[in-house]
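Here you go, one structure.
For reference, chains read A, B, C, D, E and F in written order, and residue numbers begin at 1 within each chain.
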Amino acid sequence: MSETRTALVISAHAADFVWRAGGAIALHASRGYEVTIVCLSYGERGESAKLWKQDGMTLDRVKAARKAEAENAAAALGVGDIRFFDLGDYPLELDRDAKFRLVDVIREVQPAFMMSHSHYDPYNTDHMYTTQVALECRMIAQAWGHNPGEKVLGAPQLYLFEPHQTEQMGWKPDVFLDISPVWDRKKAAIECMEGQEHLWRYYTNAAENRGNHFRRNSGGMAGGRKATHAEGFQRVFPITVDELT
Amino acid sequence: MSETRTALVISAHAADFVWRAGGAIALHASRGYEVTIVCLSYGERGESAKLWKQDGMTLDRVKAARKAEAENAAAALGVGDIRFFDLGDYPLELDRDAKFRLVDVIREVQPAFMMSHSHYDPYNTDHMYTTQVALECRMIAQAWGHNPGEKVLGAPQLYLFEPHQTEQMGWKPDVFLDISPVWDRKKAAIECMEGQEHLWRYYTNAAENRGNHFRRNSGGMAGGRKATHAEGFQRVFPITVDELT
Amino acid sequence: MSETRTALVISAHAADFVWRAGGAIALHASRGYEVTIVCLSYGERGESAKLWKQDGMTLDRVKAARKAEAENAAAALGVGDIRFFDLGDYPLELDRDAKFRLVDVIREVQPAFMMSHSHYDPYNTDHMYTTQVALECRMIAQAWGHNPGEKVLGAPQLYLFEPHQTEQMGWKPDVFLDISPVWDRKKAAIECMEGQEHLWRYYTNAAENRGNHFRRNSGGMAGGRKATHAEGFQRVFPITVDELT
Amino acid sequence: MSETRTALVISAHAADFVWRAGGAIALHASRGYEVTIVCLSYGERGESAKLWKQDGMTLDRVKAARKAEAENAAAALGVGDIRFFDLGDYPLELDRDAKFRLVDVIREVQPAFMMSHSHYDPYNTDHMYTTQVALECRMIAQAWGHNPGEKVLGAPQLYLFEPHQTEQMGWKPDVFLDISPVWDRKKAAIECMEGQEHLWRYYTNAAENRGNHFRRNSGGMAGGRKATHAEGFQRVFPITVDELT
Amino acid sequence: MSETRTALVISAHAADFVWRAGGAIALHASRGYEVTIVCLSYGERGESAKLWKQDGMTLDRVKAARKAEAENAAAALGVGDIRFFDLGDYPLELDRDAKFRLVDVIREVQPAFMMSHSHYDPYNTDHMYTTQVALECRMIAQAWGHNPGEKVLGAPQLYLFEPHQTEQMGWKPDVFLDISPVWDRKKAAIECMEGQEHLWRYYTNAAENRGNHFRRNSGGMAGGRKATHAEGFQRVFPITVDELT
Amino acid sequence: MSETRTALVISAHAADFVWRAGGAIALHASRGYEVTIVCLSYGERGESAKLWKQDGMTLDRVKAARKAEAENAAAALGVGDIRFFDLGDYPLELDRDAKFRLVDVIREVQPAFMMSHSHYDPYNTDHMYTTQVALECRMIAQAWGHNPGEKVLGAPQLYLFEPHQTEQMGWKPDVFLDISPVWDRKKAAIECMEGQEHLWRYYTNAAENRGNHFRRNSGGMAGGRKATHAEGFQRVFPITVDELT
């Protein structure tokens, strides 16, 4: 086990990681983290409207297109390790084997932190289901009796990334991350999502406004740092520190 | 303005800071922080039952005893700057002048972080009132039009320290601080509170159990750090970071 | 697709729609809506105590009796389209096929609005499970890749109708509907529920008291409308308007 | 009393109504509503940093500048009736006389709906205090024994307009209003706020993203309306209707 | 100090105790409790619409009428000790002296339990203010330094009685009290409130439906007790027991 | 059916009942209750780290060791009726047959009250799943149509016992039980858990501090009872009473 720090992003559908955590991914990748992205599905049924409006579209072609977009986006973010579980969407369901497959990845990666969706999402039950599964698999990965002999998981934080329509999801960010240094990478990744062009401007606006929140919470008019773009995250677990800041 | 980092603890009654934040105070003092403690009242009416049970007790004698205890406790924690506003308790009330006096301290100290009570406390309305006032005065201290020319406040975090009966207060810690290195100091400070000996064991137990929470959240069986004592805090504001941990 | 407006009520057990949404159903039916009611089960095991106390009762006889009552109630409300999924109750469970069957109905109906149970119900887990399924199936019905070529669903509101013991369920109505013009129909439908006569008075009282809430919120002593009976609903989703009222 | 419909916006500081409700104000004004705006203070101490950074600035000059900006913004929104209570800010405080003055305005206006700030705001206690006062004064305006003989208030809705950093305030919009037809007016009003130019882009982004939420909740890919800009509001009280939508 | 058990009801306006706690009052009075009722105001401005609609009405005449009604209602409930603080309403305000007057009553009564309004009430800020004051005065009554030498208060429960429109207030009952034996007394007390006849039926319905909740929670179809009328209450504090039930 | 009162504790893993409810179990057993404990799993995979660290450990040996410990602990608490469902852990899953097996036990025991875990636990999804199943099975046990002819369940309370890190779970105790008379038994039971010795001190501290809460809530300095140890519980359902206390 090298000293390289690692992170694991669990995305319900192929594109979720881009809008919601692209900046965090690019930033940590640029700092030497090995980031692994797991897409549980391609979002092929529920998040590919533009493709389905084309004549003669098939499920396999949609999956292939979505996969290519996600791989391109990951590359734009500086990540090579993206894995597709191809479990289907709308609804997404994981049986025990699929969960253990995810546990295997968690143990392999031994992430310093994990990321997934908000706790609640009445618009998209796949999202909240994914978070529930992420917590369950984190627990299993910590069990000394699961595949005894493997290295068990410690207690990595689970960050909930920003959902669409945050207030409807009861999501409250308690951490703002300055992504100004990698905004161009996130922008490039966003533009890989050709099927969802209607969201490009939306998440650009969101990143700028989170930059405002970063400035406000780092001191505002009296010393706030000039971040231009940021992302917000909600922690599930308390943190442990040696000093308050 | 030197490079010394500073912190400000706002305590409704003279002893509150000891039980609830004594470890954080001693730890940051030991690291070179200049910590200022403001006691809005002595807790002379409501938190001095043992003294009042003595024959011939007077309000002035209670105040003097409480003041001495608090000064001793502060000294035990390594803090020399403790200020008594003597505003009365049960109920504690701050008029505009008293609030501006607190604003003056906030601006003078320019704290890296502030501390006060939980948002809610049906047992002790002085506690929740203090937090409300702390937020109001933090806001005033940020106003460029309040005593123009003074250095305005940035955006320091407000940490809510642990109340008695945490669950009844809706208080949820999101930060655990390892106070093992200074536990002996907190213990010494606790033992300065001669009038409330029934609480010594209580807060010793609490610190040990928060140590358990620290170990659990820093990795548990698979790498958790061996903190023996800890304190928990709830942040009011989101934080701004350059990297997730 | 005609211009007729439609509505869809998803009821865990055969009688739920009567007590909780009978007024809304009758009112919209009287205004020309085509209302479809889906009963996922008959409530044959858990909500038919009176029948089971009879000698020689069988599951089939209970189901038949419950079905007849529900059909009569629907007719009394002016609704002909009531569908029984017969999925069993206590506990109610939907597999993927059953969910897709519900999706088919949603797409067929293309409802202007949907109705179901409260989010939470510790007394009756079938109720909260039904709402969870309703949200999941609403999402699937919106997926362009589910049965491509079918008309996908827009974004109909999901109204949560009034549970028993509202405060225990965390249910909070944000809409009161005046059902005075159709109270006689709801009363007739209630009286079709011969097996649950102990609830007739209860829901009559409830409708009268909701009428009071209607009057109070439409202006009270200073202009409130004289509704005699009302029903309350909680919206899951925000609404979109051209003007505030 | 004519048939003209009216609305009342209660703003803690002079500029709040622009960022948070400028679209709703312009839209209803354009539809013939008589909109009245009450600014309880000018925000002269706490929200005028740019002015205070100028040499030789005085409180009176700040107030005059803020007043002019607010009047210009109101005019840009099509509103002539803007009233300044000049009660001071940071902290804002209303004594009984000031509350009764606000009650007088409420009764004079007899608003079809009212608007004010979010319930909670730890960054800005003036904001949450204003909403508390708005509720208290709404109640007094309903009292038949307050200035007997005057027309008492009915039960107008209180809309809570969008705060900065919505998630930190626990604010959840349940109504989205399409402000596309008047976006140019809101933009013009925003640009009247010369002292807070750092917020222009922020609220432009916010209006665009709320437009996305409008489209999503009015039907999304399957029929959503092409609103370009929107505003969100949270209702305090349930509504009363004759039909569900 | 005799062995008689005592209770204290704190009512914002003269009639509140009747609708919300009349059954509890009559029941405990009938069991030998000495119940004291404090009406902080007569509700003369805000809850006497019917009186104010009469020609030539004056504040003094309204107060006298409200006082007579409340005394009659108390007598009907079997209570002789009703005290009127006459502090004014809409808004109700207590200065320090008024609070200490309430503390005096609390200490004099030494209640086994206290009762007051719900924590939250956006329709009626007097109600929530009263509960806030009740908690503050309970705390002061517990202070050994307040009027040293007086018997200090123990830790009586504070029951929050049922508000109008419970769900809007976030009020959740955790105790149902069977008031069947004294329903006739509550009914008689209700009918003393001649100025609010529009509420008689409402609270009769409510009492019947709470009876249903009592039956349901005491065993339902399988052993529930046949209570005909009940009242619900929410406890503020945890209870201490020797055995679970 | 004898007059003996009964209680049922549903424990996700073999040791949970000891830490969380050992005092309540011993106390009620000592008062003649017949207490039944169901362990849904042994906690063999996820809560047996110490055992798994031994060379050559197998799943069967872990189960056997955990079973022996749990039986010893139950005996120490005075309980002979402990049942092991052996359903597996991390994750725990109950199919319909397993649920019906639990329903059978509930009906057989006819508990005066039930106990299980907190509603929420992001660290341990087995715990919250168990509570969800407990509610579902309680509902099924109440159904007259489930195994007609059997005695159906009434409406026993479900007590949620204390989780680890209470504040993270949103658990709020509303009942404190004095376990001083049986503390020695709980201590003995705790010490049967040889594999989790790191928790002995933790739960001793917790019991002492809950004793403090008991004293505070039973009267504090002015009459509180001198309980040395206590346990806290959260009720799911409201209670029904004849008198308030």
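In this section, a residue touches a chain if its C-beta (ideal position, glycine included) is under 8 Å from a C-beta of that chain, and two chains touch if they have at least 3 such contacts.
Source: prediction; values computed, not measured.
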Other chains in touch with both chain C and chain D: A, E
Interchain contact steps from chain B to chain C (minimum; 1 if touching): 2
Same-site or different-site touching of chain B by its copy chain E, using the half cut: different
Chain D and chain E: spacing of chain centres that average the CA atoms, whole Å: 37
Inter-chain centre distance, chain D versus chain F - centres from mean C-alpha coordinates, in Å: 52
Contacts with two or more other chains, residues of chain E listed in rising order: 49, 123, 142, 144, 168, 173, 213, 216, 221, 232, 237-238
Touching chain combinations (by label order): A-B, A-C, A-D, A-F, B-D, B-E, B-F, C-D, C-E, C-F, D-E, E-F
Residues of chain D that touch chain B when the two form their complex: 44-46, 48-49, 52-53, 57, 59, 62, 89-91, 93, 122-126, 168
Touching residues (chain side chain A, partner chain D) in the complex: 49, 123, 164-168, 170-173, 198, 201-202, 205-206, 208-209, 212-213, 216, 221, 232
Chain C - residues contacting chain D, complex: 7, 24, 27-28, 31, 112-113, 142, 144, 151-155, 157, 159, 173-178, 213-214, 216-225, 227, 230, 232-233, 235, 237-245
Residue ranges of chain B touching chain D (in the complex, touch as defined): 96, 99, 132, 135-136, 139-140, 142-146, 148, 158, 236-238
